[in-house]
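Sharing a structure with you now.
Chain lettering (A, B and C) follows the sequence in which the chains are written, and residue indices restart at 1 in each chain.
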Amino acid sequence: MAMNELLQYTIQGLAAGSFYALAALGLAVIFGVLGVVNFAHGACYMLGAVVAAVLQDTLGLGFWPALLVVPVLLFLFGVVIERLLVRWLVGLDPLYNFLLTFGLTLLLVDLVKRQYGVSGLPYERPEVLTGQIEVGGVGLPIYQLFVFGFSLLICALVWLLMTRTRVGMIVRAATERSDLARALGINVGRWVTPVFGFGIALAGIAGVLAAPFRAITADMGSNFIIILFAVVVIGGLGSIVGAVVAGFLVGLVEAFGQAYAPTYAQIMIFVLMAVVVLVRPAGLFGREEAAR
Amino acid sequence: MKRKAAVSAAVLSAGALLLSACGQGGPGSDGGAISDDKLVLAVLNDQSGVYKDLSGPNSVKAVEMAIADFEEKHGDDAVTSEIEVVSADHQNEPDVANTKAQELYDRELADVILDVPTSSAALAVANQAKTKQKLFINVGAATTELTGEQCNKYTFHWAYDTYMLANGTGAAVTKEGGKNWQIIYPDYAFGQDMENSFTAAVEAAGGTVGGTIPTPFPNDNFATFLTKAAAKNPDVIGTMQAGGDLVNLVKQFNEAGLADKGIELAVGLMFITDIHSLGVEQFAGTSFTDAWYWNMDEESRAWADRFLEETGTRPSFAHAANYSAATQYLEAVQRAGTDDADAVVGELEGLEVDDVFLRNGEIRAEDHRVIHDAYLARVKSPEDVTEDWDYEEIVTTIPAEEAFRPVEESGCSM
Amino acid sequence: MPDAVSTGPALLEIRGLDAWYGEAQALRGVDLEVHAGEVVTLVGRNGAGKTTLLRSVMGLHRQVSGSIVFDGTDLAKVPAHRRARMGLGWVQDDRGIYASLTVEENLLLPPVVSDSAWSTEKVYDAFPVLADRRRAPGTTLSGGEQQMLAIARVLRSGARMLLLDEPTEGLAPVIVSRIRDIIHEVRSTGGTVLLIEQNVKFAATVADRHYLLAQGAVVESLDNADFQARQGELLEHLGI
């Protein structure tokens, strides 16, 4: 019985961690190349879920096509935001970065509230992902397993993209030292917009994955972004592997914390963060090890 | 030219005669009876946050409908023709509610404050009502404290409270065979209050509460809590979560397939807006206590049709209760012939009244609890839904005197 | 020999270059030219403006006025990455090796910009240690190896003019002599080098001409013979 529950908590933790990992990955890539901390990332996660729900309601777009269409739409949204707003942050005091992206959050949340209310939107799950499978006598929700598997796949693809392609090499170089990359003939500016869009699209994928599983409300990103920053600090700002590992780690801490010390579940995440900051200020996979 | 002028003069003098006639008959003309020569109804609630859909701007609309109906009913005999609605957003914060209530009473010259969801905010406003000696009719908050130890002469509690919810759902589900309960509740005042009330109700009905699990608030991941509760093999998992948290929990309850394991989900507090947002299939079969349902009879439905025209959406029970509270307040002022708070309180106390919301209603004089019939409702299966917002089936009607806390247990002394 | 290469239009020509950091002026009216095939050093104390000069040529320091013309093109409006693609190869004083890239990725990062680019095989033949460590993260190399990699990187891209910022600083004599060999090889194949060098002896063994910088201005321009003759005086000037 106890083993059964351990297995269930582990899967639950990994499923919750999947959302953190995907979103933190986007945050890390954006910070790496643009030097911008995107406080609107929680709102982008929310947009992913809301857009999926709205497209299902209006066009009957199912879950599977949404996994492709919504990230593409969020990529375009990211491109527009970068061209119109974020690019002006270059060389400004980081305070402006906070003001702009946090302001953007408020704007997006209120626009969604205005358009779709605060109670949230319904979302239908695909039939094939409902129900449970028995693993050693324990019923595990198929959807949680799917979320974990799918996000691992996306993380692996991003990792391959970053380590096995020239684009990834350029992104890593620009992440580590942007001016040097330019002096070596890399047009870093050309990568800024697509990378921002890409990071936003990753948050969008997390949002689509959350749609069948969580309340789709304008505020769904507000709590999420707080945990997300703990993830990023634990993993190391700008580190791709760090974002993913810390995402799953925080998911597990959350699940086991809720199981054995519910009142302290969220506090434990921030205690973990504090310990990491004390022992390794740059995070578990800090700057020197970025992307490796 | 000349003829036209003569006609206008005649019309004018006729009008003046009419006005003075009214003045003699109606109490409205006596400037002293209505303070500041107008009645001001203030709606103080959540205009932007989690309770916006279930009360929010549409509660203001409901109060406007009440005023329109009142004016139409009484016409020239109305106590005053100057009736205004003002509204303010308390953001569910007691501090904000406290400040806004002062502003509404002092600066906006509000004669009554309506709605005020969120228990801590409602208690703050009740305190202001007591100090300012102005009326407060609470609709949106759940705490029994409003009619308990913190009751006061100027505060009324209209629609529902935690006792009613727990007594309805807890007792009814237990009697239907759900003897063994696990309760999951958000760890703040409302959740703790609900957990206590439910435990008491379940045990009084012969059931047992095997365990209670506090959760953070807000929270979007309930999978672990549900696993923990399900591990105890209960008949029923009772959830005291509200709003978005409730939707999260229900989605994850379904994800874990707990219904297939024979575990019933009982919801402490649910509004029709929650069912609408999550989709009826997710909630299908869930039991909960409702204070009113728009499609429960012809009268409700007729009013709900008007509401739909006004707002584009069906009313929650809170919307209907705000309409009812505003109507009964205006009628009390009409009967008293004045907006003097003590006089209006006198008119309301002990009143037995039926309206679109109140069935077998009585405004108890002792604690100002408004009692009325309540309903054990079950969410329909998707195939039984015949139109938009047609989500509920009324299982049983809980008579008014059983639905609410007996007056002798209230602990209220005014 | 210097005369032979000094004729014709300069490959790099700087006129009246001023540079600031906020209110502080780092370069004052610098005039300087480097002809194709020349090796030229910039000599001067710390803070004389040498690194600022190279960064300005590379387009990384933008608070400048005056003209910088490379291969007949005024660079004023040319961004850094295009300057690199025109054939300027920068090796910065901390070598600029990426930790998040392997040795080989560091090598392959810059795009190939001319026919004179070294092939990867040629680089590995010349620097066998880089071949051995090609899969290791760049910064796991020793300081000397990182300097080799930094120079090899711009050679592989085919840069026509190397801008080397103190390539020998802090390195063992055996590495310094290896770098001397590389510079000689570059020069023998028609390459051009502008380097910052505090090591006057080393400068004398590789360069055709020298510019002496003090407080952001060129105070003297010397050919190598004069430079060697006045070494003692210069050392005193440099405070070394």
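What we mean here is this: a contact is a pair of C-beta atoms (placed from the backbone, for glycine too) under 8 Å apart; a residue touches a chain by one contact, two chains touch by 3 or more.
Just so it is clear, the structure is predicted and the values come from calculations on it, not from any experiment.
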item	value
Highest C-beta pair count, chain pair	A-B
Centre-most chain [mean C-alpha coordinates]	A
Separation of mean Cα positions, subunit B and subunit A [Å, integer]	39
Separation of subunit A from subunit C, taking each centre as the mean of its C-alpha atoms, in whole Å	43
Geometric centre distance via CA averages, subunit C-subunit B, whole Å	78
Subunit A - residues contacting subunit B, complex	1, 5, 8-9, 12-13, 15-16, 110, 113, 117-124, 130-132, 139, 141, 143-144, 212-217, 219-220, 223-224, 254-256, 258-259, 262-263, 265-266
Residues of subunit B touching subunit A in the complex	48-54, 56, 187, 213-216, 218-221, 223-225, 227-228, 231, 243-248, 251-252, 255-257, 273-274, 276-279, 281-282
Subunit A - residues contacting subunit C, complex	169-170, 172-173, 175-177, 179-189, 288-292
Parts of subunit C lying in touch with subunit A, wherever the complex brings them together	58-60, 79-85, 90, 92, 96, 98-101, 105, 108-111, 113, 137, 139, 153-154, 157
